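What follows is chain A paired twice: with chain B in the first complex and chain C in the second.
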Partner chain A sequence: MEIDYNTEIQRYTSDIWEQILGLEVTPTQESFNPAEKGITLVGCVQIMGSWEGSVELLCPAELAKKAASIMFGTNMNETSQEDIKDALGELTNMTGGNIKSIIHDEDQECYLSLPAVAESDNQMHVPGTREVAKATFKHEKHLFVVRLMKKIDKKK
Partner chain B sequence: MRALVIDDSRAIRLILGQVMKKLGFEVVDAGDGQEALNKLKSDGPFDIALVDWNMPVMNGYDFVVNTRKDSQYNDMRLMMVTTETEMAQVVKALEAGANEYVMKPFTKEMIAEKLTLLGLSPE
Partner chain C sequence: MKNLETSIKEYVNMVWSTLFEQSIAPDNSQVDPQSHLAIVDISGQWNGCINIYVPSPLASSLAEKMFFMEAGTSSKSEVQDAIGEVINMVGGNIKAILPEPNQLSTPKVIWDAQNYEWPQNLPILASATFKSECGHPFNVQVRQAIEN
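The block that comes next holds the complex of A and B.
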(Lines of atoms letter the chains of each structure in order from A and count residues from 1; the text may use other names and numbers.)
(Lines give C-alpha, C1' and ligand atoms only; values in the text may rest on other atoms or scores of the structure.)
Protein backbone atom coordinates (compact mmCIF):
# COMPACT_ATOMS: atom_id res chain seq x y z
CA MET A 1 0.00 0.00 0.00
CA GLU A 2 1.29 3.44 -0.94
CA ILE A 3 2.11 5.56 2.09
CA ASP A 4 0.90 9.13 2.12
CA TYR A 5 3.99 10.72 3.64
CA ASN A 6 2.39 14.12 4.04
CA THR A 7 -0.47 12.74 6.09
CA GLU A 8 1.92 10.76 8.29
CA ILE A 9 4.18 13.77 8.81
CA GLN A 10 1.16 15.86 9.76
CA ARG A 11 0.01 13.25 12.27
CA TYR A 12 3.42 12.69 13.88
CA THR A 13 4.25 16.39 14.06
CA SER A 14 0.92 17.34 15.61
CA ASP A 15 1.28 14.54 18.19
CA ILE A 16 4.84 15.53 19.14
CA TRP A 17 4.07 19.23 19.56
CA GLU A 18 0.93 18.44 21.54
CA GLN A 19 2.42 15.78 23.81
CA ILE A 20 5.81 17.35 24.49
CA LEU A 21 4.94 21.06 24.37
CA GLY A 22 1.18 21.16 24.85
CA LEU A 23 0.97 23.34 21.73
CA GLU A 24 -1.68 22.93 19.08
CA VAL A 25 -0.21 23.01 15.59
CA THR A 26 -2.36 22.70 12.51
CA PRO A 27 -1.42 21.83 8.93
CA THR A 28 -1.80 24.79 6.61
CA GLN A 29 -1.62 25.51 2.90
CA GLU A 30 0.05 28.86 3.63
CA SER A 31 3.50 29.25 2.17
CA PHE A 32 6.51 29.42 4.50
CA ASN A 33 9.21 31.69 3.19
CA PRO A 34 12.16 31.80 5.61
CA ALA A 35 13.68 34.88 4.00
CA GLU A 36 10.61 36.92 4.92
CA LYS A 37 10.32 35.69 8.47
CA GLY A 38 13.57 36.81 10.06
CA ILE A 39 15.94 34.30 11.55
CA THR A 40 15.07 30.69 10.81
CA LEU A 41 16.55 27.68 12.56
CA VAL A 42 16.89 24.37 10.78
CA GLY A 43 17.00 21.06 12.64
CA CYS A 44 18.17 18.07 10.63
CA VAL A 45 18.58 14.34 11.21
CA GLN A 46 20.09 12.00 8.64
CA ILE A 47 18.53 8.63 7.88
CA MET A 48 21.07 5.98 6.88
CA GLY A 49 20.81 2.36 5.82
CA SER A 50 18.22 0.78 3.58
CA TRP A 51 16.60 4.21 3.07
CA GLU A 52 18.87 7.24 2.86
CA GLY A 53 17.92 10.85 3.27
CA SER A 54 17.07 13.36 5.95
CA VAL A 55 14.27 14.96 7.89
CA GLU A 56 14.39 18.72 8.34
CA LEU A 57 12.46 20.97 10.66
CA LEU A 58 12.51 24.62 9.57
CA CYS A 59 11.31 26.84 12.36
CA PRO A 60 11.30 30.60 13.03
CA ALA A 61 13.69 31.42 15.87
CA GLU A 62 10.86 33.00 17.87
CA LEU A 63 8.79 29.80 17.79
CA ALA A 64 11.85 27.67 18.59
CA LYS A 65 12.44 29.94 21.59
CA LYS A 66 8.86 29.42 22.74
CA ALA A 67 9.28 25.65 22.41
CA ALA A 68 12.52 25.76 24.40
CA SER A 69 11.01 27.91 27.13
CA ILE A 70 8.22 25.35 27.54
CA MET A 71 10.59 22.38 27.55
CA PHE A 72 12.96 23.98 30.05
CA GLY A 73 10.28 25.70 32.09
CA THR A 74 11.92 29.10 31.72
CA ASN A 75 10.70 32.55 30.74
CA MET A 76 11.19 33.44 27.08
CA ASN A 77 13.75 36.12 27.98
CA GLU A 78 15.75 33.64 30.08
CA THR A 79 15.97 31.03 27.34
CA SER A 80 19.51 30.63 26.01
CA GLN A 81 20.65 29.80 22.48
CA GLU A 82 21.90 26.49 23.83
CA ASP A 83 18.42 25.70 25.22
CA ILE A 84 16.82 26.61 21.89
CA LYS A 85 19.16 24.38 19.88
CA ASP A 86 18.71 21.49 22.32
CA ALA A 87 14.93 21.77 22.17
CA LEU A 88 14.75 22.08 18.39
CA GLY A 89 17.23 19.22 18.02
CA GLU A 90 15.07 16.94 20.14
CA LEU A 91 11.88 17.92 18.29
CA THR A 92 13.69 17.11 15.03
CA ASN A 93 14.95 13.83 16.47
CA MET A 94 11.46 12.74 17.51
CA THR A 95 9.99 13.77 14.16
CA GLY A 96 12.74 11.96 12.26
CA GLY A 97 12.48 8.82 14.36
CA ASN A 98 8.76 8.54 13.82
CA ILE A 99 9.02 9.19 10.07
CA LYS A 100 11.87 6.69 9.75
CA SER A 101 9.58 3.96 11.07
CA ILE A 102 7.30 4.21 8.02
CA ILE A 103 9.70 4.75 5.13
CA HIS A 104 11.60 1.48 4.90
CA ASP A 105 10.98 -2.26 4.96
CA GLU A 106 10.83 -3.66 8.47
CA ASP A 107 13.27 -6.47 7.67
CA GLN A 108 15.98 -4.00 6.68
CA GLU A 109 17.93 -1.84 9.07
CA CYS A 110 17.88 1.92 9.08
CA TYR A 111 19.65 4.30 11.43
CA LEU A 112 19.08 7.84 12.60
CA SER A 113 21.94 10.30 13.12
CA LEU A 114 22.17 12.64 16.06
CA PRO A 115 20.33 15.89 15.29
CA ALA A 116 22.11 19.00 14.04
CA VAL A 117 20.71 22.52 14.38
CA ALA A 118 21.86 25.55 12.40
CA GLU A 119 20.73 29.10 11.80
CA SER A 120 19.71 29.97 8.27
CA ASP A 121 18.04 32.82 6.44
CA ASN A 122 17.40 30.55 3.51
CA GLN A 123 16.02 27.08 3.07
CA MET A 124 18.63 24.47 3.75
CA HIS A 125 19.79 22.56 0.70
CA VAL A 126 21.41 19.14 0.97
CA PRO A 127 23.12 18.37 -2.35
CA GLY A 128 22.22 15.03 -3.89
CA THR A 129 18.79 14.88 -2.30
CA ARG A 130 15.28 15.58 -3.50
CA GLU A 131 12.20 16.53 -1.53
CA VAL A 132 9.70 13.67 -1.25
CA ALA A 133 7.30 15.26 1.23
CA LYS A 134 6.76 18.61 2.85
CA ALA A 135 4.18 19.75 5.36
CA THR A 136 3.67 23.28 6.62
CA PHE A 137 2.17 23.92 10.05
CA LYS A 138 0.79 26.91 11.86
CA HIS A 139 0.90 27.78 15.55
CA GLU A 140 -0.67 31.14 16.31
CA LYS A 141 1.12 33.58 13.97
CA HIS A 142 4.05 31.25 13.29
CA LEU A 143 4.54 28.89 10.36
CA PHE A 144 7.04 26.04 10.34
CA VAL A 145 7.89 23.24 7.95
CA VAL A 146 8.80 19.56 8.14
CA ARG A 147 10.50 18.17 5.02
CA LEU A 148 11.49 14.64 4.10
CA MET A 149 14.43 14.54 1.71
CA LYS A 150 15.63 11.42 -0.10
CA LYS A 151 19.12 10.78 -1.42
CA ILE A 152 19.08 10.60 -5.21
CA ASP A 153 20.03 7.15 -6.46
CA LYS A 154 22.58 7.91 -9.19
CA LYS A 155 22.42 4.34 -10.53
CA LYS A 156 18.93 4.94 -11.86
CA MET B 1 12.88 4.61 44.69
CA ARG B 2 15.71 5.93 42.52
CA ALA B 3 15.85 6.49 38.78
CA LEU B 4 18.72 7.21 36.40
CA VAL B 5 17.55 9.23 33.37
CA ILE B 6 19.91 8.94 30.38
CA ASP B 7 19.43 11.20 27.35
CA ASP B 8 21.73 13.50 25.39
CA SER B 9 19.01 16.16 25.24
CA ARG B 10 18.99 18.34 28.34
CA ALA B 11 15.36 19.18 27.62
CA ILE B 12 14.32 15.52 27.68
CA ARG B 13 16.40 14.87 30.82
CA LEU B 14 14.53 17.72 32.48
CA ILE B 15 11.06 16.68 31.28
CA LEU B 16 11.54 12.98 32.01
CA GLY B 17 13.18 13.80 35.32
CA GLN B 18 10.18 15.91 36.31
CA VAL B 19 7.82 13.10 35.33
CA MET B 20 9.77 10.62 37.45
CA LYS B 21 9.90 13.01 40.42
CA LYS B 22 6.13 13.46 40.22
CA LEU B 23 5.86 9.69 40.27
CA GLY B 24 7.84 9.57 43.49
CA PHE B 25 11.36 8.86 42.31
CA GLU B 26 14.64 10.43 43.30
CA VAL B 27 16.33 11.26 39.98
CA VAL B 28 19.93 11.37 38.79
CA ASP B 29 20.69 12.04 35.12
CA ALA B 30 23.40 11.40 32.56
CA GLY B 31 24.02 12.71 29.03
CA ASP B 32 25.27 9.49 27.43
CA GLY B 33 25.81 5.80 28.13
CA GLN B 34 29.36 6.15 29.37
CA GLU B 35 28.44 8.90 31.83
CA ALA B 36 25.56 6.69 32.96
CA LEU B 37 27.90 3.75 33.62
CA ASN B 38 30.06 6.09 35.70
CA LYS B 39 27.01 7.29 37.66
CA LEU B 40 25.96 3.71 38.33
CA LYS B 41 29.28 3.27 40.12
CA SER B 42 29.39 6.64 41.86
CA ASP B 43 25.70 7.25 42.66
CA GLY B 44 24.05 3.82 42.49
CA PRO B 45 22.15 1.69 43.15
CA PHE B 46 19.11 2.64 41.06
CA ASP B 47 15.78 0.85 40.78
CA ILE B 48 15.44 1.81 37.13
CA ALA B 49 17.33 3.45 34.28
CA LEU B 50 15.39 5.22 31.51
CA VAL B 51 17.56 5.05 28.43
CA ASP B 52 17.58 6.96 25.14
CA TRP B 53 18.94 5.05 22.13
CA ASN B 54 20.77 7.62 19.98
CA MET B 55 23.42 9.35 22.04
CA PRO B 56 27.03 10.40 21.46
CA VAL B 57 30.00 8.64 23.14
CA MET B 58 28.01 5.53 24.09
CA ASN B 59 24.50 4.88 22.79
CA GLY B 60 21.67 3.43 24.81
CA TYR B 61 21.85 -0.03 23.29
CA ASP B 62 25.52 -0.38 24.24
CA PHE B 63 24.68 0.88 27.73
CA VAL B 64 22.10 -1.89 28.08
CA VAL B 65 24.56 -4.52 26.84
CA ASN B 66 27.30 -3.29 29.20
CA THR B 67 24.96 -3.09 32.17
CA ARG B 68 23.58 -6.58 31.68
CA LYS B 69 27.14 -7.98 31.62
CA ASP B 70 27.55 -6.93 35.24
CA SER B 71 25.57 -9.07 37.68
CA GLN B 72 25.54 -6.35 40.37
CA TYR B 73 22.95 -4.52 38.22
CA ASN B 74 20.69 -7.53 37.67
CA ASP B 75 17.92 -6.03 39.80
CA MET B 76 17.89 -2.68 38.03
CA ARG B 77 15.09 -2.35 35.48
CA LEU B 78 15.99 -0.88 32.12
CA MET B 79 13.40 1.07 30.15
CA MET B 80 14.24 2.37 26.68
CA VAL B 81 12.68 5.79 26.02
CA THR B 82 13.50 6.52 22.42
CA THR B 83 12.53 7.65 18.95
CA GLU B 84 13.68 4.29 17.56
CA THR B 85 10.19 3.02 16.95
CA GLU B 86 10.65 -0.01 14.72
CA MET B 87 9.82 -3.48 15.94
CA ALA B 88 13.30 -4.73 15.00
CA GLN B 89 14.85 -2.15 17.33
CA VAL B 90 12.42 -2.99 20.12
CA VAL B 91 13.25 -6.68 19.84
CA LYS B 92 16.98 -5.94 19.70
CA ALA B 93 16.82 -3.89 22.89
CA LEU B 94 14.68 -6.43 24.73
CA GLU B 95 17.00 -9.26 23.70
CA ALA B 96 19.95 -7.25 25.03
CA GLY B 97 18.29 -7.01 28.42
CA ALA B 98 15.96 -4.03 28.38
CA ASN B 99 12.75 -4.70 30.32
CA GLU B 100 10.40 -2.19 28.73
CA TYR B 101 10.21 0.16 25.75
CA VAL B 102 8.54 3.56 25.47
CA MET B 103 8.45 5.49 22.23
CA LYS B 104 8.89 9.26 22.14
CA PRO B 105 6.85 11.38 22.41
CA PHE B 106 5.82 10.02 25.80
CA THR B 107 3.30 11.10 28.39
CA LYS B 108 3.41 10.80 32.16
CA GLU B 109 0.63 8.22 31.90
CA MET B 110 2.63 6.07 29.48
CA ILE B 111 5.63 6.08 31.80
CA ALA B 112 3.48 5.33 34.85
CA GLU B 113 1.85 2.39 33.07
CA LYS B 114 5.22 0.86 32.17
CA LEU B 115 6.52 1.37 35.72
CA THR B 116 3.54 -0.52 37.05
CA LEU B 117 4.25 -3.38 34.64
CA LEU B 118 7.79 -3.44 36.03
CA GLY B 119 6.57 -3.64 39.61
CA LEU B 120 7.63 -0.08 40.39
CA SER B 121 4.19 1.28 41.13
CA PRO B 122 4.17 5.07 41.11
CA GLU B 123 2.91 6.96 44.15
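The block that comes next holds the complex of A and C.
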Protein backbone atom coordinates (compact mmCIF):
# COMPACT_ATOMS: atom_id res chain seq x y z
CA MET A 1 0.00 0.00 0.00
CA GLU A 2 1.31 3.44 -0.93
CA ILE A 3 2.05 5.57 2.13
CA ASP A 4 0.89 9.19 2.05
CA TYR A 5 3.93 10.59 3.86
CA ASN A 6 2.58 14.14 4.01
CA THR A 7 -0.60 13.08 5.77
CA GLU A 8 1.35 10.91 8.22
CA ILE A 9 3.82 13.71 8.97
CA GLN A 10 0.95 16.12 9.61
CA ARG A 11 -0.80 13.63 11.92
CA TYR A 12 2.29 12.70 13.95
CA THR A 13 3.61 16.23 14.23
CA SER A 14 0.29 17.65 15.43
CA ASP A 15 -0.06 14.80 17.94
CA ILE A 16 3.48 15.16 19.31
CA TRP A 17 3.37 18.92 19.75
CA GLU A 18 -0.06 18.76 21.37
CA GLN A 19 0.53 15.75 23.61
CA ILE A 20 4.10 16.50 24.70
CA LEU A 21 4.04 20.29 24.77
CA GLY A 22 0.34 21.16 24.86
CA LEU A 23 0.87 23.42 21.84
CA GLU A 24 -1.59 23.54 18.98
CA VAL A 25 0.14 23.38 15.61
CA THR A 26 -1.72 23.45 12.33
CA PRO A 27 -0.58 22.50 8.82
CA THR A 28 -0.27 25.54 6.58
CA GLN A 29 0.36 26.34 2.93
CA GLU A 30 2.51 29.33 3.92
CA SER A 31 6.13 28.91 2.95
CA PHE A 32 8.88 28.90 5.53
CA ASN A 33 12.02 30.75 4.52
CA PRO A 34 14.72 30.24 7.18
CA ALA A 35 16.71 33.22 5.92
CA GLU A 36 13.87 35.60 6.82
CA LYS A 37 13.19 34.19 10.26
CA GLY A 38 16.34 34.90 12.27
CA ILE A 39 18.19 31.94 13.71
CA THR A 40 16.77 28.61 12.59
CA LEU A 41 17.72 25.28 14.14
CA VAL A 42 17.60 22.00 12.31
CA GLY A 43 17.18 18.64 14.04
CA CYS A 44 17.99 15.50 12.06
CA VAL A 45 17.59 11.77 12.70
CA GLN A 46 18.78 9.17 10.23
CA ILE A 47 16.72 6.10 9.36
CA MET A 48 18.71 3.02 8.38
CA GLY A 49 17.91 -0.56 7.45
CA SER A 50 15.27 -1.56 4.91
CA TRP A 51 14.45 2.14 4.32
CA GLU A 52 17.27 4.68 4.30
CA GLY A 53 16.98 8.41 4.71
CA SER A 54 16.43 11.10 7.30
CA VAL A 55 13.79 13.13 9.07
CA GLU A 56 14.53 16.82 9.55
CA LEU A 57 12.78 19.39 11.71
CA LEU A 58 13.51 23.03 10.83
CA CYS A 59 12.40 25.33 13.60
CA PRO A 60 12.96 28.99 14.49
CA ALA A 61 15.16 29.28 17.59
CA GLU A 62 12.45 31.28 19.37
CA LEU A 63 9.88 28.51 18.97
CA ALA A 64 12.45 25.86 19.94
CA LYS A 65 13.12 27.86 23.11
CA LYS A 66 9.40 27.89 23.95
CA ALA A 67 9.25 24.13 23.37
CA ALA A 68 12.30 23.60 25.62
CA SER A 69 10.89 25.73 28.44
CA ILE A 70 7.68 23.67 28.40
CA MET A 71 9.49 20.33 28.04
CA PHE A 72 11.91 20.98 30.91
CA GLY A 73 9.59 23.15 33.02
CA THR A 74 11.93 26.15 33.00
CA ASN A 75 11.29 29.85 32.68
CA MET A 76 11.90 31.09 29.10
CA ASN A 77 14.65 33.42 30.42
CA GLU A 78 16.43 30.54 32.14
CA THR A 79 16.28 28.13 29.21
CA SER A 80 19.82 27.30 28.10
CA GLN A 81 21.10 26.68 24.59
CA GLU A 82 21.71 23.08 25.59
CA ASP A 83 18.08 22.69 26.72
CA ILE A 84 16.89 24.17 23.42
CA LYS A 85 18.99 21.76 21.37
CA ASP A 86 17.97 18.83 23.58
CA ALA A 87 14.30 19.69 23.16
CA LEU A 88 14.53 20.02 19.40
CA GLY A 89 16.51 16.77 19.25
CA GLU A 90 13.82 15.03 21.28
CA LEU A 91 11.00 16.37 19.08
CA THR A 92 12.93 15.26 15.98
CA ASN A 93 13.52 11.86 17.56
CA MET A 94 9.82 11.38 18.35
CA THR A 95 8.79 12.47 14.86
CA GLY A 96 11.40 10.19 13.28
CA GLY A 97 10.39 7.28 15.50
CA ASN A 98 6.77 7.55 14.40
CA ILE A 99 7.69 7.82 10.72
CA LYS A 100 10.07 4.87 11.06
CA SER A 101 7.23 2.75 12.42
CA ILE A 102 5.21 3.11 9.21
CA ILE A 103 8.00 2.61 6.69
CA HIS A 104 9.87 -0.40 7.97
CA ASP A 105 9.48 -3.79 6.29
CA GLU A 106 8.00 -6.62 8.30
CA ASP A 107 11.03 -8.69 7.30
CA GLN A 108 13.70 -6.19 8.08
CA GLU A 109 13.80 -3.75 10.96
CA CYS A 110 14.71 -0.09 10.57
CA TYR A 111 16.92 1.72 13.04
CA LEU A 112 16.96 5.34 14.12
CA SER A 113 20.14 7.29 14.83
CA LEU A 114 20.60 9.67 17.71
CA PRO A 115 19.35 13.15 16.83
CA ALA A 116 21.79 15.84 15.71
CA VAL A 117 20.93 19.52 16.03
CA ALA A 118 22.71 22.36 14.21
CA GLU A 119 22.06 26.02 13.63
CA SER A 120 20.40 26.87 10.32
CA ASP A 121 19.42 24.63 7.46
CA ASN A 122 22.47 25.71 5.56
CA GLN A 123 24.79 23.98 8.00
CA MET A 124 23.45 20.44 7.85
CA HIS A 125 23.00 18.52 4.61
CA VAL A 126 22.46 14.86 3.83
CA PRO A 127 24.15 14.21 0.46
CA GLY A 128 22.67 11.53 -1.79
CA THR A 129 19.10 11.99 -0.59
CA ARG A 130 15.99 13.57 -2.12
CA GLU A 131 12.96 15.11 -0.44
CA VAL A 132 9.96 12.76 -0.52
CA ALA A 133 7.66 14.73 1.78
CA LYS A 134 7.54 18.12 3.42
CA ALA A 135 4.94 19.69 5.65
CA THR A 136 4.87 23.22 7.06
CA PHE A 137 3.15 23.98 10.35
CA LYS A 138 2.11 27.12 12.16
CA HIS A 139 2.03 27.84 15.87
CA GLU A 140 0.93 31.41 16.63
CA LYS A 141 3.29 33.58 14.52
CA HIS A 142 5.88 30.84 14.03
CA LEU A 143 6.27 28.51 11.06
CA PHE A 144 8.27 25.30 11.15
CA VAL A 145 8.90 22.46 8.72
CA VAL A 146 9.17 18.67 8.91
CA ARG A 147 10.66 16.95 5.90
CA LEU A 148 11.44 13.39 4.97
CA MET A 149 14.50 12.69 2.84
CA LYS A 150 15.12 9.34 1.13
CA LYS A 151 18.42 7.94 -0.06
CA ILE A 152 18.73 8.00 -3.84
CA ASP A 153 19.13 4.49 -5.17
CA LYS A 154 22.15 4.78 -7.47
CA LYS A 155 21.47 1.33 -8.98
CA LYS A 156 18.29 2.53 -10.71
CA MET B 1 37.79 -6.15 18.66
CA LYS B 2 41.08 -4.85 17.27
CA ASN B 3 42.47 -1.68 18.81
CA LEU B 4 40.10 0.92 17.43
CA GLU B 5 42.69 3.63 16.86
CA THR B 6 44.85 1.20 14.88
CA SER B 7 41.82 0.26 12.80
CA ILE B 8 40.97 3.91 12.12
CA LYS B 9 44.52 4.52 10.88
CA GLU B 10 44.44 1.42 8.69
CA TYR B 11 41.07 2.20 7.09
CA VAL B 12 41.67 5.91 6.57
CA ASN B 13 45.00 5.12 4.91
CA MET B 14 43.28 2.59 2.68
CA VAL B 15 40.49 5.00 1.68
CA TRP B 16 42.97 7.78 0.92
CA SER B 17 45.18 5.58 -1.22
CA THR B 18 42.33 3.96 -3.17
CA LEU B 19 40.12 7.03 -3.57
CA PHE B 20 42.71 9.77 -3.95
CA GLU B 21 45.97 7.89 -4.64
CA GLN B 22 47.56 9.98 -1.90
CA SER B 23 49.55 9.02 1.15
CA ILE B 24 48.78 10.42 4.58
CA ALA B 25 50.73 10.32 7.82
CA PRO B 26 49.67 10.22 11.48
CA ASP B 27 49.94 13.68 13.01
CA ASN B 28 49.40 15.48 16.28
CA SER B 29 48.61 18.97 14.96
CA GLN B 30 45.45 20.84 15.80
CA VAL B 31 42.85 20.66 13.03
CA ASP B 32 41.78 24.06 11.67
CA PRO B 33 38.55 25.01 13.47
CA GLN B 34 37.21 26.34 10.14
CA SER B 35 36.48 22.78 9.06
CA HIS B 36 33.60 20.81 7.62
CA LEU B 37 32.24 17.84 9.54
CA ALA B 38 30.88 14.64 7.97
CA ILE B 39 29.14 12.00 10.08
CA VAL B 40 27.73 8.52 9.60
CA ASP B 41 25.62 7.03 12.38
CA ILE B 42 25.69 3.40 13.39
CA SER B 43 22.69 1.82 15.12
CA GLY B 44 21.94 -1.69 16.27
CA GLN B 45 24.04 -3.84 18.58
CA TRP B 46 26.47 -0.91 18.77
CA ASN B 47 25.28 2.70 18.74
CA GLY B 48 27.28 5.77 17.91
CA CYS B 49 28.89 7.46 14.96
CA ILE B 50 32.05 7.86 12.91
CA ASN B 51 32.99 11.40 11.93
CA ILE B 52 35.68 13.36 10.12
CA TYR B 53 36.76 17.00 10.46
CA VAL B 54 38.16 18.26 7.14
CA PRO B 55 39.58 21.80 6.73
CA SER B 56 37.91 23.69 3.91
CA PRO B 57 40.90 23.83 1.47
CA LEU B 58 41.52 20.10 1.88
CA ALA B 59 37.81 19.30 1.41
CA SER B 60 37.77 21.29 -1.84
CA SER B 61 40.89 19.56 -3.15
CA LEU B 62 39.41 16.14 -2.29
CA ALA B 63 36.21 16.98 -4.20
CA GLU B 64 38.26 18.13 -7.20
CA LYS B 65 40.30 14.94 -7.13
CA MET B 66 37.21 12.75 -6.70
CA PHE B 67 35.23 14.39 -9.51
CA PHE B 68 38.20 15.01 -11.88
CA MET B 69 37.86 18.78 -11.70
CA GLU B 70 40.24 21.68 -12.13
CA ALA B 71 41.69 23.10 -8.92
CA GLY B 72 39.49 25.78 -7.40
CA THR B 73 36.33 24.86 -9.33
CA SER B 74 34.41 22.62 -6.90
CA SER B 75 31.00 23.79 -5.62
CA LYS B 76 29.66 23.49 -2.08
CA SER B 77 27.46 20.61 -3.13
CA GLU B 78 30.40 18.72 -4.65
CA VAL B 79 32.45 19.25 -1.49
CA GLN B 80 29.51 17.94 0.60
CA ASP B 81 29.23 14.89 -1.67
CA ALA B 82 32.97 14.22 -1.52
CA ILE B 83 33.44 14.34 2.23
CA GLY B 84 30.15 12.45 2.65
CA GLU B 85 31.58 9.69 0.44
CA VAL B 86 34.86 9.66 2.38
CA ILE B 87 33.14 9.17 5.75
CA ASN B 88 30.79 6.62 4.19
CA MET B 89 33.77 4.51 3.13
CA VAL B 90 35.68 4.94 6.39
CA GLY B 91 32.52 4.29 8.42
CA GLY B 92 31.63 1.24 6.35
CA ASN B 93 34.99 -0.33 7.16
CA ILE B 94 34.85 0.51 10.87
CA LYS B 95 31.24 -0.73 11.08
CA ALA B 96 32.47 -4.19 10.08
CA ILE B 97 34.59 -4.53 13.22
CA LEU B 98 31.87 -3.34 15.62
CA PRO B 99 29.40 -5.72 17.31
CA GLU B 100 26.77 -6.93 14.85
CA PRO B 101 24.07 -6.63 13.68
CA ASN B 102 24.41 -2.94 13.06
CA GLN B 103 23.34 -0.49 10.35
CA LEU B 104 25.18 2.43 8.77
CA SER B 105 23.27 5.63 7.98
CA THR B 106 23.63 7.86 4.95
CA PRO B 107 26.21 10.57 5.71
CA LYS B 108 25.30 14.02 6.92
CA VAL B 109 27.58 17.00 6.45
CA ILE B 110 27.77 20.00 8.77
CA TRP B 111 29.34 22.87 6.88
CA ASP B 112 30.40 25.00 9.81
CA ALA B 113 31.87 22.47 12.23
CA GLN B 114 33.13 25.15 14.59
CA ASN B 115 29.62 25.98 15.77
CA TYR B 116 28.43 22.39 16.04
CA GLU B 117 28.02 21.07 19.58
CA TRP B 118 28.06 17.32 20.13
CA PRO B 119 25.44 15.84 22.45
CA GLN B 120 26.91 14.98 25.86
CA ASN B 121 25.83 11.36 25.48
CA LEU B 122 28.11 10.86 22.48
CA PRO B 123 31.70 11.01 23.82
CA ILE B 124 34.81 10.19 21.79
CA LEU B 125 35.84 6.55 22.01
CA ALA B 126 38.83 6.76 19.66
CA SER B 127 40.43 9.46 17.57
CA ALA B 128 43.24 9.76 15.03
CA THR B 129 44.68 12.81 13.31
CA PHE B 130 46.46 12.67 9.96
CA LYS B 131 48.35 15.08 7.76
CA SER B 132 47.41 15.14 4.08
CA GLU B 133 49.92 15.48 1.24
CA CYS B 134 49.05 19.17 0.96
CA GLY B 135 49.89 19.64 4.63
CA HIS B 136 46.41 20.02 6.12
CA PRO B 137 45.71 17.98 9.26
CA PHE B 138 42.33 16.23 9.46
CA ASN B 139 40.77 14.20 12.24
CA VAL B 140 38.66 11.02 12.34
CA GLN B 141 36.72 10.08 15.49
CA VAL B 142 34.61 7.18 16.68
CA ARG B 143 31.94 8.21 19.21
CA GLN B 144 29.91 5.73 21.22
CA ALA B 145 26.45 6.60 22.51
CA ILE B 146 25.91 6.35 26.25
CA GLU B 147 22.57 4.82 27.24
CA ASN B 148 20.46 7.25 29.26
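For this structure, a couple of remarks:
Here is the rule we go by: the second predicted complex is superposed on the first by the 152 of 156 C-alpha atoms of A that agree within 3 Å, B and C clash if a C-alpha of one lies under 4 Å from a C-alpha of the other, contacts with A are read in each partner's own complex, and residues count from 1 in each chain.
Keep this in mind: a residue touches a chain if its C-beta (ideal position, glycine included) is under 8 Å from a C-beta of that chain, and two chains touch if they have at least 3 such contacts.
As the structure is a prediction and not an experimental result, all values here were calculated from the model.
In the superposition on chain A, no contact is made by A:62 with either chain B or chain C.
Contacts of A:53 after superposition on the shared chain: chain C is touched, whereas chain B is not. By the touch criterion defined above, A:112 reaches both chain B and chain C. With both structures placed on the common chain, the touch criterion links A:44 to chain C but leaves chain B unconnected.
By the document's definition of touching, of the two partners only chain B reaches A:73; chain C does not.
Contacts of A:89 after superposition on the shared chain: both chain B and chain C are touched.
Comparing the two complexes, residues 86, 89, 112-114 of chain A contact chain B in one case and chain C in the other.
Looking at the complex, you find that chain A touches chain B at residues 15-16, 19-20, 68, 71-73, 83, 86-87, 89-90, 93-94, 96-98, 100-101, 106-107, 109-110, 112-114. The residues of chain B lying in touch with chain A in their complex are 8-12, 14-15, 18, 54-56, 82-88, 104-107. Those residues of chain C lying in contact with chain A across their complex are 39, 41, 43-44, 47, 49, 77, 80-81, 84-85, 103-112, 115-117, 119, 121-122, 145.
Chain contact summary for the complex, chain A toward chain C: residues 44, 46-49, 52-54, 81-82, 85-86, 89, 111-116, 118-119, 122-129, 151.
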